[in-house]
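Chain lettering (A, B and C) follows the sequence in which the chains are written, and residue indices restart at 1 in each chain.
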Amino acid sequence: MTSHIEHGINTIEFGHPQSNSMPGKLLEHLAKEIHHAGTHEETKVIILKSAGDKAFCSGASFDELASINTTHEGTHFFSGFAHVINAMRHCPKFIIGRIQGKCVGGGVGLASAVDYAIATNKAEIKLSELAIGIGPFVVGPAVERKIGTAAFSALAIDATTWRSTDWARRKGLFAEVHDSVEGMDESIYRLANTLSHSSPEAMAAMKKIFWRGTEHWDELLKERAAISGKLVTSEFTKQAIAKFKAKS
Amino acid sequence: MTSHIEHGINTIEFGHPQSNSMPGKLLEHLAKEIHHAGTHEETKVIILKSAGDKAFCSGASFDELASINTTHEGTHFFSGFAHVINAMRHCPKFIIGRIQGKCVGGGVGLASAVDYAIATNKAEIKLSELAIGIGPFVVGPAVERKIGTAAFSALAIDATTWRSTDWARRKGLFAEVHDSVEGMDESIYRLANTLSHSSPEAMAAMKKIFWRGTEHWDELLKERAAISGKLVTSEFTKQAIAKFKAKS
Amino acid sequence: MTSHIEHGINTIEFGHPQSNSMPGKLLEHLAKEIHHAGTHEETKVIILKSAGDKAFCSGASFDELASINTTHEGTHFFSGFAHVINAMRHCPKFIIGRIQGKCVGGGVGLASAVDYAIATNKAEIKLSELAIGIGPFVVGPAVERKIGTAAFSALAIDATTWRSTDWARRKGLFAEVHDSVEGMDESIYRLANTLSHSSPEAMAAMKKIFWRGTEHWDELLKERAAISGKLVTSEFTKQAIAKFKAKS
């Protein structure tokens, strides 16, 4: 996790050697960093990016999922995603997402919870939760808010099929898709630069109306974490994760 | 109406010689069959299909509409669609829709209420209710949930224009569109087979969150049936149906 | 402002020499005209159009924005858009929008609040409010209802980029886009003519269900006008408007 600020633009970068998958510790740090950027006076706009030029984020860490033995531990782990999404939602500043590659599971949730996602055409997406006996319960509200009920259901039910970047753009997950990393970065810079010179009062008021109707998510996402937390301890999930780990 | 189950996949087929239009009796049987499949332990996933290789469903039976003389009879008839949609909504298992051809009126409602619709490129759609002096009141909530307010309004206002399968796919009504019946059936088999081996607990929990916010539909769709039930007894509707029947 | 009725089709036309921008007086007249058409017995369907062959509507009048000195005055001015949108929403008749050209700011709001928008491929759109230190607060609910949260946010955040007519059609703002003014007018005539012969009872009931869930907008849009009314008096906005006026 690094974060640096320049000319009012706060760039937060997370990373993990396993395709930017998220263990609990990383989720915790990310939520804190976003919360901090939201209250930091010099910060006018935030860019959320991840390390490397492959996956943007491959979701929950399989190592950590495999180590969960009780519903309590499971709920605690999935609450990590809830905290990050709620931090993004509460943050009074716009968050631009830099989506350089694939998004899986919780990674689709992070890409959904930014205010403006700019991607490359390598950014295919998949909600693969059902394949390991759980479901996109915690990230669901953020994904559904962005792409609608129909696209969210389809994505979650057909858990083994990659959806193209073009699909994600048409459904509204990505505001822009670029053919190259350079094109993406140029557009991110243009927008971040403009926003860093825009009225902070107007942007804070806009952020609030964009997220109107989600005031209950502090509670809702906790409830959702409990659903995932229970399912993840099932025999079905244990075996599915063991198989995936054996393959990779 | 037939229904058979194989390897956890419960295939429900309805049919009617007049382009798979729906008289009240057929709607009643369909609602019961779906309810039954939802409680049937061997059933892991449901495929909803219709007979023949032409229309998927052409909506309300014109013969039956023409025979309605009172608001009470009208409300009773339209409640048939309400019961089917509510049965699909309450069913704790995913329903895959096999949409081989045109959908009209209530047929668009059935296609909307499945959890994952797979169609061929022959599946054009039309909400033709207004052309006979009624409106898509009962199926409206299901259609709007799937394709959004804008597309639903446009479809219902321009009641005489067919919308292409591609339009329906882009708006989210169909999750997939295939160039051939074989392609459609292959994809349905692939998905149904995968789901029949997926965690029933996870799927039941997902079904619930997909339909979150529709808990009032038991009441709402009844109220909607009463609106259609009243309009269908108007002189406008009587004459429009007579004209349509004379043409065909 | 002119309005004429022929064969049940009530055509309301507004206009302003500066790219059909809207001063408070014009908004007031437009709201009254729409209200009148809604209660006028001969009127079966309404066409909303604007003068000329260039912009459909370029939003709030910059001259009037520049003259606002107090939050009270600002709130009063933005309430003008609230009244027009609420008049369209309450109107029991379908409103077809004739969108011949560009829509900016409040103009996107008007295009969103019609029930069925038919445009030409010249009708690019932009929500430019943030560029002058305010935001699309009053028109926001109407735009979001039509194109969804994701598209609305993207449009409002990237306040300086024109979105193409094709983008607007795909997002649901325009039900149809035509290559020529003739094509647009032909389609408008076809639909208006059909609706003028459709059941007024059915259409009034449909209008009601299309706008279900917006019953609180009388209050909501007033609150939104107060947000814009306060922001517009800021030093940021004063300077931004002065710059824009100097350029043009």
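Keep this in mind: a contact is a pair of C-beta atoms (placed from the backbone, for glycine too) under 8 Å apart; a residue touches a chain by one contact, two chains touch by 3 or more.
Keep in mind that what you see is a predicted model, and the values were worked out from it rather than measured.
*Asks:* Where the contacts of chain A and chain B overlap, which chains show up?
*Replies:* C
*Asks:* What rotation angle takes the CA atoms of chain B onto those of chain C? Round to the nearest 5 degrees.
*Replies:* So the copies are related by a turn of 120 degrees.
*Asks:* At the place where copies chain A and chain C touch, is the share of residue numbers found on both sides over half (same) or under half (different)?
*Replies:* Counting shared over all numbers used gives less than one half: different.
*Asks:* Taking each chain's centre as its mean C-alpha position, how far apart are chain A and chain C in Å?
*Replies:* Those two chain centres are 34 Å apart.
*Asks:* Show the residues in chain A shared as contacts by 2 or more other chains, in ascending order.
*Replies:* Those would be 148, 170.
*Asks:* Enumerate the contact residues on chain C facing chain B in the complex.
*Replies:* 94, 115-116, 145-148, 170, 172-173, 175, 191, 194-195, 198-199, 201-203, 205-206, 209-210
*Asks:* Considering the complex alone, what residue numbers of chain C touch chain A?
*Replies:* Of all residues in chain C, those touching chain A are 129-131, 133-137, 140, 148-154, 156-160, 170-171, 224, 227, 231, 234, 236-237.
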